[in-house]
Each structure stands twice: as structure tokens, then as C-alpha cells.
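Here subunit A shows up in two complexes: once beside subunit B, once beside subunit C.
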Partner chain A sequence: MAYQGGGGHDHGPSPALYPVSPESLFTCRTHNICMVSDFFYPNMGGVESHIYQLSQCLIERGHKVIIVTHAYGNRKGIRYLTKGLKVYYLPLKVMYNQSTATTLFHSLPLLRYIFVRERVTIIHSHSSFSAMAHDALFHAKTMGLRTVFTDHSLFGFADVSSVLTNKLLTVSLCDTNHIICVSYTSKENTVLRAALNPEIVSVIPNAVDPTDFTPDPFRRHGSMTIVIVSRLVYRKGTDLLSGIIPKLCRKYQDLNFIIGGEGPKRIILEEVRERYQLHDRVRLLGALEHKDVRNVLVQGHIFLNTSLTEAFCMAIVEAASCGLQVVSTRVGGIPEVLPENLIILCEPSVKSLCEGLEKAISQLKSGTLPAPEKIHNIVKTFYTWRNVAERTEKVYNRVAGETVLPMDKRLERLMSHCGPVTGCIFALLAVFNFLFLTFLRWMIPDSIIDVAVDATGPKGAWTNQYPYGRKRGGDNETSKTR
Partner chain B sequence: MEDELSFSDIYGGRLALQRRYYSPSCREFCLSCPRLSLRSLTAVTCTVWLAAYGLFTLCENSMILSAAIFITLLGLLGYLHFVKIDQETLLIIDSLGIQMTSSYASGKESTTFIEMGKVKDVIINEAIYMQKVIYYLCILLNDPVEPHGISQVVPVFQSAKPRLDCLIEVYRSCQEILAHRKATPTSS
Partner chain C sequence: MCAQPVTDTPETRWQKVLYERQPFPDNYVDQRFLEELRKNIHARKYQYWAVVFESSVVIQQLCSVCVFGVIWWYMDQGLLAPHWLFGTGLALSLIGYVLFDLLDGGEGRRKSGRTRWADLKSALVFITFTYGFSPVLKTLTESVSTDTIYAMSVFMLLGHLIFFDYGANAAIVSSALSLNMAIFASVCLASRLPRSLHAFIMVTFAIQMFALWPMLQKKLKACTPRSYVGVTLLFACSALGGLLSISVVGATLFALLLVSISCLCPFYLIRLQLLKENIHGPWDEAEIKEDLSRFLS
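And now, the complex of A and B:
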């Protein structure tokens, strides 16, 4: 919930929010968006905060956004979050790892009821691990709504479980209108996994909340400090780190290391510390919570990233936002992330990384490094949620102009695209789903489903009752002009 | 003053809302469902009896037929007496409180009274009910221990389940009376 608090501070009562609202009047259309994922607060993680922050920024831009997730313990029913973000916690059974069981059918009555009463136009599903997201996509296509899917993770191709997930993903995404990935590496991965047309896949990176990662030069140690925050696993290059530490410590007597994170390779670092008697200069902090990361980062001058493979490295953005000089390996999508003057890129070898670090240290000693405040001010413009929301909005605009495949075309696509056996099975399931929907429409026609009162969006009831008098006046005006 | 409006419930059935304005501070709302229709009664009875007759031809025991008759009779009595609610009434009096009465098809009545001092507010809320998401009207009760807390939520019109347009009608009137009460706190 740390994010929520931060978010509230960021765009709550600040007057900077308001210039956005008249602007959204001129954009051609607003959408009714329904975010579906098994993962949402109170569960914590990257997907959860992504959905929350994106929804908040979309609301700010004048769209109507609701979130559908499953019930978490006692938290079920309908809740409202900041700025009238409406969350449906549906009473569906959780099967494994916070993901609901899927039969492809049992969630249709409730989801259909919600889609109809909220007058949803675009379904935006998140995370390929979420069964509910796939269910919602399946139902939305049957109901003829437009669909967008965001993939948050990388997969392999070799083991049994990824083969099965990839097949499921192929089926689920073959008739989805648009797919969003968080980096180019992830796009490549998804396109290959789900055998997609790359033209319908967009890349929109994640964002950092710059207010969570601010520099604080007074917390820095007197002597030079290098900070490493990563899981201590092979993929993150912990072995390289164990080579770098003794070499640099011998060369510079006033150099310290702070290492945050936990993992199977921690033992190597402990050995190194033991052998070279570096207990006072290398601090191992163990596992860190996300909210503590900033407090660790601000203690250092240089941030070192030794990853061997990386889709989109959030850690270096966070470190740069805290005003640290970043030294990193040149792998995966890392060179795209920061401009050259803020990062020193090295080959993934001990020698090259040491050279990079020495370069950074000499810059630090001569005082040619830019001030932390300055770096923060540059970085905070790079990856903002507002920017992510703008780009997502463009995807929505594009999708809104597309047509949803009618039933016969959809069946054809399923059978031609997903292999003879899987294709036929899922085509049959799609037909059953359609029949079930027809039955539901006969039982409860759309006309007797009450239209929900909008909390957000152009006619949002929430913003019209904003507690600040001045703002309320402004809002009434805008609603009149609408 | 009295008038009658026609609404529908969440299943699409008809509901009649009678409003009686006795005075500016006293109003009554009466929601009546249609009475038990002969058609559904016949349908249920016929199904039970046909099933019983089917069983009878299989095992040739006349006990089944008499059991079927008893089941239909007792079922009907129980249904009329405990389940089927014909009319739900909400009476709100400014200085006294809120009274909810539900009358069963058999004529049985059950009444709940909440005194005005306990009522915090009347609101419309949303809930997930069966495979639906519905609106309902409810009364919030003050928590005697905590001044700003809510001790209980009492739903109104539980069996009729009217749709939102009907609820808004009742809600507006209730709010008028509650506002009237708040405007003159010294008199109460």
C-alpha cells in the first residue's frame, strides 16, 4: 500500500492536476475501460502497482476505468479507491498462487453482468499467469467487445510447463485486438511464443514513481560507496561481482560496498568477504522490501548492475532517479533504458566492469559527476505513468477503430491459427460459450440490467463532489460544456 | 397525498410502489409484488404430481401418491407463510424513526422498528448477489461506542429487490426527511 500513499500525495490536491482536465475535453473520445487481472491490491507486486498507477492516470485523462479481480479473503464486493477507481472483488475460487480456477464458463454470468452494467467498451487484461484475465478475454470476444492484453513476463520455450502456457497464450491472443509488452525483448518473446503478427504488438515500458525515488545527498557516507541491489542469482551476475570486489578494494582504500538482496549466490560474496577480510567495507543487507530500496540507494554514490540478461532493467532507472552514477553491463534491453551520459556501459566481464567503475570513481573524485538533484530532474521525465497512460490511450484509440471478429471469422481464425487439435477444441468451446451467452441474454435481457452510476469518466459522480470548493466549480463547468 | 408508480424488479417482474405523504415529516412507501399466479401454482403442482405418478408406475406403491399430495399441500402452506412476501412497507417519521413491515402472502406480518437516534443515514449501495451485481437501499446505524462508526447495515426491500430507478425515488424522499431532521436538531 506504500504505492497508494505515494500516489495520493503525488496527484491528490496538487493544482498541477488541473491543466489536464480541459485538455481531455478536446481529445476526440473517452473510453470505458475494464482492467481484468487476478493480481491486484492487497496482493503486492509489479503487476498490481502497474494496474493501479495506469488506472489512476487514465482517470486523470478523463476515461472511465473499473478493475475486476477476485476476492482476497474478507475483501469482497465492490470497493472504491482514490479518485473513484471502482474495484470489483468477485467471489471466485482461488486455485493456485492467487490465480483463479478456470473452466472458461463459470465466470461468464458475473463478468457479462458487469460489462453490461458498466457499459464497458474495452477490456484490458493483465498478466499471462492470470486465469481470470484469459477468461475475460474469451468472454469479451464472445460478447463482441474490444480486447487489449498486457504481458508482464518473459517465458522460456523448452520445459513442459512453458510449452503448455505458450499454447494457451496462442489460443488466447490469436483473436485479441492488441497486445502490449513492457520492452522490446519482451515483445520479441511474446511474438515468438504466441505466434503473433508483430504489428499488433506495442511496446510501452513500465514507469517509476519519481516521487518515491528522490535523492538525499546528506544520507551519503563520507567515503565512496558502491551500491548493488539485485537478487543474488547467476542471471544477475553475482559471480562477476565476487571478482570485482577484492580487486577494487585493494586499489582504493576508502571504497565501500553495500549489497541489498538475497539469493543462492550470497554464499560466494560471504566467502569473498571472509577471505579478504572486508567485513567493515562490504555490507550485505539481505532481502529488501520495495519501500526500503530508496533508503539503501541514497546511501551510495555509484550504482552497479551486473546482470547477464535483462528485459527492461527497472533497478537502474530507480538508482538514476536517486541521483547515482550508474555502471552496468551492456546486455538485453539495458542500452535502450538510459541515455549515454547517465550510464557507463561495460562488457559483462570483471575486467571491463572494473574499468567502468574506475572511470566512475575518477569522475567522482575530480567532481565532474553531475549533482544528484540534476540527474533526478533529468530522469524523472523519462518514465512517468502519465506518459505510459498517454501511450496506452493511443492503443485504445486504435483498438476502438478496429472491428471485432464476428463468430464465424473467429472460429476460422482459431482453427487455422492454433493447430488442428487445440484449434478445434477451443472453437467448440467458443461455440458453447456463445450458446451460454445467448441463454443468459434470454434469461436476463440487457435491458433489465441497471446501468451503473459512473464514478469516473466524463459523467463521473466522484469528481463532481470533490471536497474542494474551487475545483468543484471548475468541474461543473466542464461537465456543462460536455 | 397518495400516488402509485409502476417499476420492475431485478428479474424483470412488475412491482408497484405506493407513496403516501401524510405530512412533510411522515411518509410511507409500500412496494407490492404481484400475487402468487395461478399459472405458476398449477405448473409446480402438475410437475410434482406427474413425477409422483411416474414413480408410482415404476414401483407401484400408492404411498407415493399420497405423499405427493401432502408435499404439495405442506409446501404451499409453508411457501405462503414463510417465503412469499406480498408487500413491503417503509414508514419514516421524522421525530420517531423508521418502521419496516413485510406482509407474507398468508397474512403474517413482521415488523422492525429503528428509532431515529440510531439512524445515521440512508444510502444506496451495490452488492454482488448470486450471479448479479445489484443496487439496494440500506439504513446505516450509529455505533454507540464510536461516534463516527457504523455498527450495522440494515437492508430495506430485501425480498422485492427493486431496480435502481425505484430505489432513487425512495432514497430522495428519505433524504428530504433526514435533512429536515438535521435542520431542526433542537426540536427533537
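And now, the complex of A and C:
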């Protein structure tokens, strides 16, 4: 709070000086954004690539972006990625599934130091599974910073574990300024889970880089090929594959399967292959690197997704971008992702999925499937990271105009919103957090913390120093006028 | 957020799709928001008396433990001759054995393909071994203090009640563990009886009580629910009577426990059912309803 007056966010003129037109508001105002999540490179997945791509596009739009995550093995300290994207790998202990342990306190000194020296104005946390993201939200509110949270996953309401995590999410989000979900279904889910006002929840889908996923019909084999790329786990419906593969292989002699991905359910697929003697027709590729996914996808005609739950499903967009006919289960946000002429939706059962696949096969045989190039050209207009960044920027602008709840209001909100018991416990923790912060400010006042050199943003050293950066700056201009 | 004014004409109807750029702000909330929300679709409507009937399984098991305790006390005090208990137990077991086949007309036996000879063999093997080892049982726990034995038995019997298969499909249910805990408790208690014959008969009785009796009960409940209710009442009364002859306070407390389980708990279950708010929607994880193991066998 103290340093905000000291020129924290006075980059760029205040929007009030300009005639009130949305365009000027969006292009003139820049923010100092800190993305926080436990999940980042070298870990690989949807959240990781979302953070990376979004940060790159925000940098392109002139914002200062830094990323905070925990140390991955030897990868610790500060690293710079493309375009001067600064990443802090913090020495926090990993507890489970690459998520750090949370005590709500131990990360405050480190995070405060970073927030102060980087002059951060907006904290953007990602993924409800990340303890660090929630910690950062908690500290940021104590420090009076604006907060944004992106939820990437769906959760049920039935079992004990989801009841507990939903309660924690309610606590974490009740005083967060804005929440971003990746699909409308995800928004409904998050609003219900955290008992939120739907007005402060925006839907901004994920995106796919269409230049990474281009079709290549010459790589296809003569016979029909169904491609599956997913982690081989229960939630991705790998069990359903064990029914689909033998059924379809018996019916179509010229049908092949290519399966990319690794996981505990791989053994089932191996058993099926053994049992039905399908070694030459079912290829199990094992774990794939993200850059290899395209080369696997283009070998097939049909893409099959058997997920049992999915907030957005990037895999089907990637497959459609490569020109494949997509067959998928109708779960979660999947029906929102692709228009009906590009996807065949089925119920999550062997029978329904086989019917969907047979429909796709008959279309393929009769030649009524659209050409891969044509599908690619349609899909590439749907989801782009530039669009995501533009929409996220609007959220930042809105949040920057809002006030952060002062301590007394925040306590009131916690107690009124999160139930009598949980509310009081977390209100108490918030008070402790505040006292701890006051202590830290007394130990090391904000004024003696060094200010970091901006790598990105309006005064970014990276863009001023390197010719490459300047070139990208030129790109930036063109993208703005577009 | 800054966006064009929203007009709700048919041309600009909001769609629940992500691939189209719509003239609405990202945080727009349509009337159709949460329209697919369903509540309590799997919630069951309970009938009071049906729940009371189902609770009799718990009553039966509580009574089994109670009867077992009472019989052990009588044996320990020397008020009950082991021969008498053995005779009664044997007679009741034979009646139960005949009933077990009569109830479903021998269908269960045909399905399992188990012969009477096999039954007789296992009964003989069991009795011989228990009889042979009963002197060992007698001296097994001599070095352990009696208080420890009592405490252990209580915990084991509680465990038996917790893990018993009352028909609920839960992870905690394990009939094998439950039976083992009961037998362990009986071995502990039997080792404190005066002679090895007592110990042998106590363990045999435990087997009848905790292994054979629940099997017969299950069949009774499935085939003749009416007589099952009668048997439960009779069994509960005899357990109460037995306890009453030892301790009035104990019997009163036990009676209260039985009444609360069979009458109050069902009442609260039905009352609380009204407060149930189970939310379902498109975000729920889909369930695989088919049996997929057939593809692998």
C-alpha cells in the first residue's frame, strides 16, 4: 500500500484525461502484472502454456509481465524467457502433484519482496489446484493490490474432497476483484462453487497457436487412422477406449489407431492389444512432447476424445486445426468449443462413441468430409492468443478502476460470505497476515527495497536494448491497428 | 465493462458458444445462466417403516455382540455349563442349517455347487482343530494382563460392528476384517475362561454367532421379511433379557440405544433428507456405466 503512492502505477497517462472512448482506454493504459501459479515451464500442460502465451501477448501489448512459480529441481532463481519475460522460481517446498504446501504465511516475505521490487499492480493467479496461487491472492489483498484469478478446471459437488476444496475456493475468491473462466460451463461451475456474483466472472477461452497446428494431408496413411492424444488416466476416459478399439477393429479391417500419451491406464490398452492381436493396427507412442503433437495429429483422419470431464479441451481445437474430423464426448465445456459441423458429439459410452466414429468413417469413405485445409482455415479464426490477451486486458482495466477492500471491509466480507466458522477462522488468519506484513514492513521498509529494472513494459530494458525487441515492437504496432 | 449496449432482439441472442465473437461483454450474464442446473436428481425418497426395517440389520448385529458378551459372562461366572451351551448351540445350528436350505428351496446351494459332504468336512475340520488347540488358547494370553484383554476385546468387537457388511456399498465395509476382529475378540475372552473346554466352546459359539447367524439372517431377510422382523424382535428381547439379568443400568442403556437406532435415526434421516441440496450440471464428471471388463476377458 505504501509504495503505491510512490509511482507504482503511473506509467502512461491517466485515462480520465482522454475523451471517454473504450479504444483509448485500452491502448493507453499499461499495467504491471504478476502471474502466479505453481504450474509453469518446465512442467507441461494447459495451464502452463496458457500463462506463457498470455504473458507473451500482454508484453506485446506493452504491459510489464512477470511470472512467479516454485523452483523445479535445479531450475531456481530468476530466468528470462523470450521477449524478456521474467520468471521467478521461488525456493518453496513442493508438497503434492507439483503444488506447494500452503500455510498462508511462509510465502509472504518472498512474495512481498517481489511485489514491491517489481512495482506490481495486478496479481493474476492461475489454477485452483495451485496453493501458491491462493497464497498470492491472500497476500496481495493484505497488501492492497488488485487481484484476478483464472480457473482452469471443473469440480463436482458430491464428495467430501470437493466440498472442502470448494469451501477453500469460496474463501479465496470472496474478495478477489475479478475471476476468469475458460468456458461458460466453467463459469457456472465456479460461480456455484465459490458462491460468487456472476457479474465479476468473465469467460475468456483458451487459445491455440494455429501456426503450430497446420494440416499436412500427405503425411496421412492410405488406410483410415483414428488418433488419440491424451494422458492415459481415468478422467480422460481411457477405459472407454478398451471397448471401442476391439469393436471397431473387428468391423473395419482397414482401420488403425495411433495413441499418444502416457499414464497409469496404459496397461489396459496394452492388454486389449494383446488380447485381440492388434499389434500392427494399434500404435502406442507413449509420452509426447508438445512440439511432436502436431506430427502425430496429421497422420490421422479422425481425432477421438473420450474425456469424462473437461473445462475447455484444447486437444480437440488442436486436432481440428490440423484438419481432422473430431469425435468427442459431450461433457463439460466441450459442446461450446467447436461448431456442430466440425465435431461429432457422443455420450460417454462405448456404444455412443462407436456410433459417432462410424458416422465419421462413413463420411470419410464417401468423401463428404471437408478438406483439412478448409477445416484449418475455419478453426484458425476461432481462438487466438492475441484475442485472449485483448480480452484479459479489458479485465485488467476494469480491475484497475476498482478499489481493493480495506481491512475492516475485507474481514466483514469474509465473515458474512464464508459461513460463521470458516469465515471467522480466515478473518483471524487475515488479521495475522496483516500483522506479519506490518512486522515485515518495519523490518525492511518498502522504501529500502531495490526497484528491479523493468525487462518488459513501457520502460522495458529488453525492448530498448535488443534490435529483435524493437522489431517485435513494430509488430506490436501493426497488431494494434489491426 | 465497455461494450455495445445489449439489445435482446432475436438476431443478437446470446449463444452458449465460445467460437463466435458475440456482441456481449465477457462478464455478460444471460437469462439462460445456470439453466442446466439440476438439484437432487439422485436423491432417494425414504419411507419411514422401510428405513426402520432396514435398520434391523444393525440391531441384529448389536444384539449378537450383546448376547455373546452375556454368554461369556455367564461362563466366566460358572453359571452356565459348557456342555449345555454346546448342546444348545449344536441343535440351533442344525435347525439353522436345515432352514438355510429350505428357505430358498435349495437354489443357493445349486448355484454355489457345494455338497453337504463338503459342509460336513469343513465343520469337522474346524471342530477338531479348535478342540485340539483349545489348551493352547487357554494359556495363550496368560502373560497379558486381564485389563488389556478386556480393552482389546471391546475394541475388536467395536471394530467388528464398524466394518460389518450391513449392505451399504462403502469403502469401509469389509466382512473378512469384521469377522476376523470378532473371532479375535472371542479368542481373547475365551482365554480368560476357567478351563480349556470352556475356551473351545466359547470359540465355537463365536463362530456360530458371527459367521453362521448373519448368513442365515441375510437369507431370512431376503426370503421371508415378515418372519425376519419377528426373529429380530425375539432376538433383541432375549439379548435385553440376558443383559437385564446382569445389570439393570446396562439393559436400560442398551434398550435406549436400540430404540434410538431403529426409531429415531430413521426419523432424522428422513427429516434431514428435506434439507439435501445436491447440485448437478454439465460440469459433473461423467460416469462410465458399462462393464468394460468383458472386453478383456
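For the reader, a short list of remarks on this structure follows.
What we mean here is this: the second predicted complex is superposed on the first by the 307 of 482 C-alpha atoms of A that agree within 3 Å, B and C clash if a C-alpha of one lies under 4 Å from a C-alpha of the other, contacts with A are read in each partner's own complex, and residues count from 1 in each chain.
Going forward, a residue touches a chain if its C-beta (ideal position, glycine included) is under 8 Å from a C-beta of that chain, and two chains touch if they have at least 3 such contacts.
Here the structure is a predicted model, which is why all the values come from computation and not from measurement.
After overlaying the two complexes on the shared chain, residue contacts for A:F157 are found with subunit C alone; subunit B is out of touch.
By the document's definition of touching, of the two partners only subunit C reaches A:G237; subunit B does not.
In the superposed model, A:E336 lies in contact with subunit C only, and not with subunit B. Of the two partner chains, neither subunit B nor subunit C is touched by A:F115.
In the overlay built on the shared chain, the residue A:P348 is in contact with subunit C alone; subunit B does not reach it.
In the superposed model, A:E188 makes contact with subunit C only, not with subunit B. In the superposition on chain A, A:D450 makes contact with subunit B only, while subunit C stays out of contact range. For subunit A, the partner touching the most residues, choosing from subunit B and subunit C, is C.
When both complexes are overlaid on chain A, the residue A:F138 reaches neither subunit B nor subunit C. Taken together, the subunit C residues at the contact with subunit A in this complex read 1-2, 16-19, 25-27, 29, 33-34, 36-37, 278-290, 292, 295-296.
Looking at the complex, you find that subunit B touches subunit A at residues 8, 10-12, 126-128, 131-135, 163-164.
Within the complex formed with subunit B, the subunit A residues making contact are 76-78, 88, 90-91, 109-110, 113-114, 117, 444-445, 448, 450-453. Contact residues of subunit A toward subunit C in the complex are 22, 25, 154-158, 178, 183-186, 188-189, 191-192, 198-205, 235, 237, 239-240, 242-243, 246, 268, 271-272, 275, 308-309, 312, 329, 331-333, 335-339, 348-351, 382-383, 391, 394-395, 398.
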